[in-house]
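Look at the two complexes coming up: chain A is in both, with chain B in one and chain C in the other.
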Partner chain A sequence: MTYARDVVALARKDLLLELRARDTLPAMLLFVVSTFVVFHFAVGSSPSRLAANGLLWVAIVFTALLGLGRAFVPEREQRTLDGLVLAPVDRSTIWVAKSIAALAFLGAAEVVALPVYGLFFHRLSGSAVAGVVLADVGICAVGAFLGAIAVATRARDLLMPLLFLPLAIPIVVGGVGASVAASPGRYLGFLVLYDALFSVVCWATFEFVVTE
Partner chain B sequence: MGRSYRIPLPALAASAFVLVTLAIAMVFFVAPNDADQGFSQRIFYFHVSIAITAYACFAGGAWKAFRHLTRRDPRYDLESYVAVHQGVILGVLVLLTGSIWAKISWGHWWLWSEDQLVLFLVLFLFYCAYFMLRFSVDPGPQRANLSAVYALFGVVLIPVSFAAIRLAKNLIHPVVFTLQGPRFGGWILVTYCVAQAAMLVLAYTLYRVELAGKLLDSRLRELREVLA
Partner chain C sequence: MLRASGIGKRFGERRVLRGVDLDLARGGFLVVTGPNGSGKTTLLRICAGLARPTEGELEVEVGRGEVGYLGHDPLVYRELTALENLDLYGRLYRVPERRERVGMLLERFGLWEARHDRVGSYSRGMTQRLALCRVLLHDPALLVLDEPYTALDAEGAVLLDAQLEELRAERALLVSTHDPERVERFATAHLGLAAA
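Right after this comes the complex of A and B.
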């Protein structure tokens, strides 16, 4: 139970930080809405359902990237990562807490973005929303992990999308499938599988990312 | 720390040379022409065997990465990197041979309906990012750890991407399974096995050559530091 308590404490710290400084969430919101507007002018006034869904997924992945790329930057800049690693907690709690915080930001951005998408393009089906929720879990789990890797490199912001996008391709396949297919069950199942598989790998290997 | 059970490099190089020559000769002169694709189908002997060798390299790289994480020996890190490097080179060859076949068979250089090609494109992007990651961290235990972890992600990504590509194809048009066991026997099978063995031995030889070069390089640097 101490594991859960550590996770809650760490996640609470991140959320509190965001609540006071407000530098990630407004940026994500502004980004996702501007992306929709750019898309509208890029693809014309009435894109097909398939094309519009593609736009939604591209917007979600890039918005998530915007937030995840920043997830570990304050820890590095303020040198607090060393403190977290030295703290007497299981190192994987750092990753779990970061993923939860990232999930909260992405979820908050989507609470606004999905209705705006419905307003601008097409109404979303229930299975599409389920797909978004499941994809968010995978995006945040893998993204927080890669954020910790990217922040340890010289290239940082440059590297994050390069590391993340190849791993996000299966998520986009599952998400688009869940949004447009007639029987979305297998796509949702695939997303669950992806989330479970990559969460386990991240959880097991995070220790090596932050220690030497 | 030399390991005694290793095959000496000259013997490996010689056997790779003999096997590759034999494979080329068999592919062109022994294997029969395919009934409906004709001569161009012969590229498959190389395409498939290179693809499987590339998978073997990625798996080997991940295995060495895993060993590095458990043993913390910098030698495994180097071996993992060299294996992934060979895998990426072979992956480029898979993309090239696949493109040539697609051009001859379908008239296009690129086909999104070819699972194997699309998968190798995803893997190519993934492992290019691996190199970007590796060259953006200073050499040392941290670089070894980050590279090892990312290489492990690779072996999880291969089956997941494969499933994803299958699923994505379903979405655009349903997959028609025409895999009713192709006429796979006799000289076709023998030729394929020789080509596969040739590629595996060749890849292992190249891996050993690159590894020997890299080890020599680091040894030279150590000696220079001692002298300086």
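Right after this comes the complex of A and C.
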């Protein structure tokens, strides 16, 4: 119960910071909608279903990367991670809260982006939407973890995509499979497995990321 | 409460601290002095639990929730108000009667009227006062203060003097400063660091 209260307090702080600064979500929205507009004119309005799904997942992964790269920026700029690390809370609460906030931003961007995608390309099936939701969980869990690693380095802007993109490949495989396969169940199952596995690993090891 | 024996710190090839011994009991007030680059901040970060020594032994008898650390940065969010910052830390540190405690500290450090203003709009001195409120919020047993008088005006410095006077009997204080005369009357021990 205390753990949940700490997560709520930290996630609320992250959402409040974004609400005040408006640094991340507008950039994500602009990026994802612009990407669809560019693709729409580049490949026309009737690309194959497989190609259109590829475009969707490229847009989702890079939009998420944009948001996740900024996840720990307030903590870096104001060095508040020291304050959070010293607090007598389970340090994994910092990662859980960051993941929840990242998920909220990515979800908000997708609420706008998916209808735009439907308008320009194809209407998404229910399994494709389920794939997006499950992929979002994995993207944010892994991304928040890697964001904490990258923020401690000088080459953070370079390191974040270098660490994140290889780990996002299984998500794209699962997401595209759930969108186009005749029986998407096993791809959705694969995404559930990815989410569970990486969430447990990130949760268990986050303490070592934020302590010297 | 805090005992260090021969502690040192290296960052790669660069040595920033070497062979420091200290012993700080409850009621103790240790003043750390030294020129720029002598490792004062590194020593204080080690004592607060934010860094690990690469050599020597360190014993800290209190848990991390009982340490109050004031660094060069105020460790508060500029986009949040003073009240929101202290409320967040109060929740994380499980401060009993949080609202009353936050209100009392803001009042004491002259920030009550500005409690709903974002910290980004504060002057450097006001931010330092807020940082002191954050440090004292959970009534820590061990206070680690790195140049606490930085940016404080005369009134703020007097407020801090009064606070240190009140705290020193019941707690252990480790304070680094470039102005040792300011805290001389509180000091029970001194530690001078030489440039590494």
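Keep this in mind: the second predicted complex is superposed on the first by the 211 of 212 C-alpha atoms of A that agree within 3 Å, B and C clash if a C-alpha of one lies under 4 Å from a C-alpha of the other, contacts with A are read in each partner's own complex, and residues count from 1 in each chain.
As a working rule, contacts are C-beta pairs under 8 Å (C-beta built on N, C-alpha and C of every residue); 3 or more make two chains touch, one makes a residue touch a chain.
These numbers were taken from a predicted model, which means no experiment stands behind them.
When the two structures are aligned on the shared chain, A:153 is found in touch with chain B, with no touch to chain C.
In the superposition on chain A, A:174 makes contact with chain B only, while chain C stays out of contact range. Legend: residue contacts after superposition of the two complexes on their common chain; A:6 is shown touching chain C, with no touch to chain B. Contacts of A:88 after superposition on the shared chain: chain C is touched, whereas chain B is not. Using the contact criterion defined above for the overlaid structures, shared-chain residue A:190 touches chain B, although it does not reach chain C.
Between chain B and chain C, B contacts the larger number of chain A residues.
When both complexes are overlaid on chain A, the residue A:16 reaches chain C alone and has no touch with chain B. Look at A:212: by the touch rule set out above, it reaches both chain B and chain C. In the superposition on chain A, A:74 contacts chain C only, with no contact to chain B. In the superposition on the C-alpha atoms of chain A, the part of chain A touched by chain B in one complex and by chain C in the other spans residues 212. Those residues of chain A that touch chain B in the complex are listed here as 149, 152-155, 159, 162-163, 165-167, 169-170, 173-174, 176-177, 180-181, 186-187, 190, 193-194, 197-198, 201, 205, 208-209, 211-212.
Against chain A, the residues of chain C that register as touching in their complex are 48-52, 63-65, 67, 69, 71, 73-80, 84, 88-89, 91-94, 118, 134. Listing the residues of chain A that touch chain C in their complex gives 2, 5-6, 9-10, 13, 16-17, 20-21, 74, 78-80, 82-89, 212. Looking at the complex, you find that chain B touches chain A at residues 69, 122-123, 125-126, 128-129, 132-133, 136-138, 140-142, 145-146, 148-150, 152-153, 156-157, 160-161, 163-165, 167-168, 170-171.
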